[in-house]
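A single structure is presented below for examination.
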Amino acid sequence: MINIRTDLALEAKEMYAEEQNTSELPGVKVENKELDNCIVTKVEVMDEQGSMIMNKGIGTYITLESNLMKFDDDESREEMIKYLKDELVEVFGTDKTKKTLIIGLGNWNITSDALGPKSISKTLVTRHIFKNYNKDYDDDFTEVAALSPGVMGITGIETSETVKAIVDIIKPDRVVAIDALASRKMERVNATIQISTAGISPGGGVGNKRKALNKEYLGVDVIAIGVPTVVDAATLTSDVLDMAIDNLMSESKESETFYNMLKKLKEGEKYQLIKDSLDPYDKNLIVTPKDIDETIENLSIIISEGLNRALHPGRITK
Amino acid sequence: MINIRTDLALEAKEMYAEEQNTSELPGVKVENKELDNCIVTKVEVMDEQGSMIMNKGIGTYITLESNLMKFDDDESREEMIKYLKDELVEVFGTDKTKKTLIIGLGNWNITSDALGPKSISKTLVTRHIFKNYNKDYDDDFTEVAALSPGVMGITGIETSETVKAIVDIIKPDRVVAIDALASRKMERVNATIQISTAGISPGGGVGNKRKALNKEYLGVDVIAIGVPTVVDAATLTSDVLDMAIDNLMSESKESETFYNMLKKLKEGEKYQLIKDSLDPYDKNLIVTPKDIDETIENLSIIISEGLNRALHPGRITK
Amino acid sequence: MINIRTDLALEAKEMYAEEQNTSELPGVKVENKELDNCIVTKVEVMDEQGSMIMNKGIGTYITLESNLMKFDDDESREEMIKYLKDELVEVFGTDKTKKTLIIGLGNWNITSDALGPKSISKTLVTRHIFKNYNKDYDDDFTEVAALSPGVMGITGIETSETVKAIVDIIKPDRVVAIDALASRKMERVNATIQISTAGISPGGGVGNKRKALNKEYLGVDVIAIGVPTVVDAATLTSDVLDMAIDNLMSESKESETFYNMLKKLKEGEKYQLIKDSLDPYDKNLIVTPKDIDETIENLSIIISEGLNRALHPGRITK
Amino acid sequence: MINIRTDLALEAKEMYAEEQNTSELPGVKVENKELDNCIVTKVEVMDEQGSMIMNKGIGTYITLESNLMKFDDDESREEMIKYLKDELVEVFGTDKTKKTLIIGLGNWNITSDALGPKSISKTLVTRHIFKNYNKDYDDDFTEVAALSPGVMGITGIETSETVKAIVDIIKPDRVVAIDALASRKMERVNATIQISTAGISPGGGVGNKRKALNKEYLGVDVIAIGVPTVVDAATLTSDVLDMAIDNLMSESKESETFYNMLKKLKEGEKYQLIKDSLDPYDKNLIVTPKDIDETIENLSIIISEGLNRALHPGRITK
């Protein structure tokens, strides 16, 4: 089983495939479609075996990879919102009586972790209007509530406790949890959206110890929407080390011994070696693009608008 | 019964006294103390009669009035924090096993309404540490959790519902609710702190329709801490009108008829007249000092530090 | 000459007309056009006499009045941006070799005063690109630089000094100065844009003592773009007092003496009376809508986008 | 000459010493003092030869290294402010007639680059008061103006042009420029302050091409105050690669060839190799602690307060 930090099922699959030198994963089904400016990959973790191999809960993981997310113009944003909306509609279905609670995970004081709360602040909530008018159904809107529960260091309360308490009281049909993720590959940072029906499970890659936000604990469907916004420093170093060695090797033949030794190290071992070397440094190092502040703002628009359009089909937009 | 908008028991008392031309309020007890730079008034609403007269729930209302809150230097702030801490300690008592949940009411996106959330962001929470170390008691700290539940327009959830849900799960011994208030007098804005053991009750002056945050609903003691940060435009106009007429009258005698007519209007009627005249304008007009942004920041430091020192007696501070 | 605080030529004209009971202003020409959701008024102050009467510099003042500015949806915003762009294009002309320096006046720490700096932050600057490519002309873009000089209390430097220094070094063909204004009427707040070719002159209504930003001082054309974001408390009270008295009068006849006395007071005298009555209060009281934070954000998008489209005709937008 | 990106003279010296295996640097003098919780190193670049070796302008570079900067409590902050103030007083001298212009370099929209502007916002400016009272001297305060000129991408104007324009108009005796720096070592990030009398010179390590801010260009003394807030990803990888190889070597002897080859690579070559390997990634990768937002806020308090106390000796502080 792999220890490298990734929240993306797509990467977990890649890493297993690489390590085992196979494209066959027992208990896991993978499908691709290539849209104009976006690659959509659907990874289905079908059973316990698949779950063990992937270190991910049973469920569907849809990944949208697109450089559209890196551009700050209206046109790119609109196109990306459309792709996201289409996948969300497929996951949510068309039952307009379903009630949604959207949760923005993460710490609003830490830019790279603020994707959830920032998306929540742009989400169209309607629950109070449904309640005021004593309605259960509307042609154009569905019932949506939203909350950013904060993190333990800010509230003193386990995030999952807060969410559970709210779920028990407002009784939604599903929870949508928005979170910033960690990726293994710098190129996926801020260029990937993962939608997962498996919810968020402890030990599910992130490293932040928080209890589960999944159907088992909350009692309702949990759809997680995440974007990798950081790579941890050890991951980056490990990747770059590989590339540096390849570069060196192509120039010189004399060091094959060391090269081969490194190649023989399992991926997890190499990561651990790097991790140990980083130890004298602060443990909380992250690698981000310099313009992370603007990037998170842009991503939060894409996610909130994707949700708004998927959940409120009759809402007029440009 | 008075309709004019005030959240301060002190003002409710003043208005009744003015209207009835008496300083005796049945069911209400008032005490004063004058400290160096701060006047502390304790209004006790003792029974149903007092509650009706005051339009305030039964309980104690402590008001700190001080211009120290208007200065942005460390010294003034420290002195004010001390006054607040002393009153809070008296209200909280010294039992270190009591668990507190602090709630920051209001909308963090509206400066004049952001006092609660801003105070919460500076509050020292400890509940997660008590849980991690499986402790019930500490010499220096007490167990504190904190939450800014947002407002209905942002979350779609009634604030009181969110608070009730959290109270039911984390079972604190008391709730402290921080809120921005409305005052009747511009001179009290940003220069007054009210601490109340009556919690926050519907119709309790504010005009924002939200359900109660009080012992009856939550099942635990509720202490409300509030600072008036705005005066509504009708209130200001009404006050100024009075003063303008007095000014005019002192210069000229010929208009006694109109003057007397106005004087005969009950306070509430005059307010309604002004309110109606303001009707063509936006309903949401508020009157604030121009530097409201800095003011709210300063007030949030005073309140959070007052709470931190009252709840964590062993915490080292300068 | 009138003392009441207004930055809008439109209001100065109205006040003169009201006071003098005439619609003829010597030295002043007024034109109207009614567009779909926007009224455009062009006030031309043609000579010294007009300037004295209006308490405004010689030049053209175009006012766009529209409730579109109050709505936060893309459609309303787009329509308003179009109206603004059209007027700006008329003022700027079509010479693509003209260089523009855009100045965001005001204090970014005070929400109601932050319109200028917030607009600047969304303005598309191109001067550095023209310099890097050593260009003087482009089909799609014109040369634009932008600066928020701050206010004296933040920088210790007179705003006009900073602007003059930058103008002398980068030698633009025109300066565009964006500022928050004061209006006399609550209904115009956040619902009016004034474009003026007269620049900004000392004593030109605002009350903030800063030296002039006009052609005489800077040596280049100065176009001021402003939106009234506040009404001062005295103005509001004065207006409401009028309405309250009218309301009272319609109900009762007995107080004609006082009423007539008040009516006989010149507008400026009444304002002064109210101003004096407000004296015990903080001098810096302003009246704003409660949601001023969001409003300023929305207005800054309209202004910056209007400018971007007027100055960069080839820029692709939705 | 070394190409690795560092803004710290201390590190430039270390790197030369390491590479040349010597502690003697011609034209460079180094002194140390160890205070309670702070190490102060003074590097003097005395002549052209020293300047060439160090890739730094002639002048004095004082480095304060202290973990106090990493703690967010008042006590640590106060101690650090004291150390900084003491060094600044030594650099500034005691002439109270000297006028200072403080410049906050960097982009306020990018957290890791916002140290300058954030410090400026907390700086006590007095120039306008000296002007209003027509004073040249005060016992307690000196004349201070402050400006955050922004960056080229925001203003379209070269930062140095803006500063020069302001210097020419307000004629200060010295310019103090605050900037975020890049370090070679993660452990120095947010734990080091460099004060330099050499100003900021083009090619002086940072990589951001901007013209000089030094005495030659501005005509007055320029004191630069900087804190390294990021390490670039290539630097980190390079460092970690070294450590990883050392770790590996201590376990296994078989790869000495490769190891030795790597060791033989000059530092600059290795950095280039890594840099090339990082090429497929975004060029703007930075490595920061996760809590960079809070860190920059804390650092800006230390720097602004250090300056306030050094420049206004009579100001009362706690």
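Every chain is named by a letter (A, B, C and D) in the order it is written, and numbering of its residues begins at 1.
Here, a residue touches a chain if its C-beta (ideal position, glycine included) is under 8 Å from a C-beta of that chain, and two chains touch if they have at least 3 such contacts.
Predicted model, so just to flag it, every value in this text is computed and none were measured.
Undergrad: If I list every residue number at the interface of chain B and chain C, are over half of them used by both copies, so same, or under half, so different?
TA: same
Undergrad: Half is the threshold here, strictly exceeded: which of B-C, C-D or A-D has more than half of its contact pairs identical to A-B by residue number?
TA: So the equivalent interface, with over half the same contact pairs, is C-D.
Undergrad: Please work out the Cα centroid separation of chain B and chain C, and write it as a whole number of Å.
TA: Roughly 37 Å separates the two chain centres.
Undergrad: On a C-alpha centroid basis, what's the spacing between chain B and chain D, in Å?
TA: About 46 Å separates the centre of chain B from that of chain D.
Undergrad: Could you please state the distance in Å, as a whole number, between where the Cα atoms of chain C are centred and where those of chain D are centred?
TA: 42
Undergrad: Could you list the positions in chain C whose residues touch two or more of the other chains?
TA: 109
Undergrad: Touching chain B in the complex: which residues of chain C?
TA: Those in contact with chain B are residues 109-113, 186-187, 230, 233, 236-237, 240-241, 243-244, 247-248, 252, 254-255, 257-259, 261-262, 273-274, 276-278, 280-282, 284-294.
Undergrad: Which residues of chain C touch chain D in their complex?
TA: That would be residues 109, 121, 125-129, 131, 143-148, 150, 152-158, 161-162, 164-166, 168-170 of chain C.
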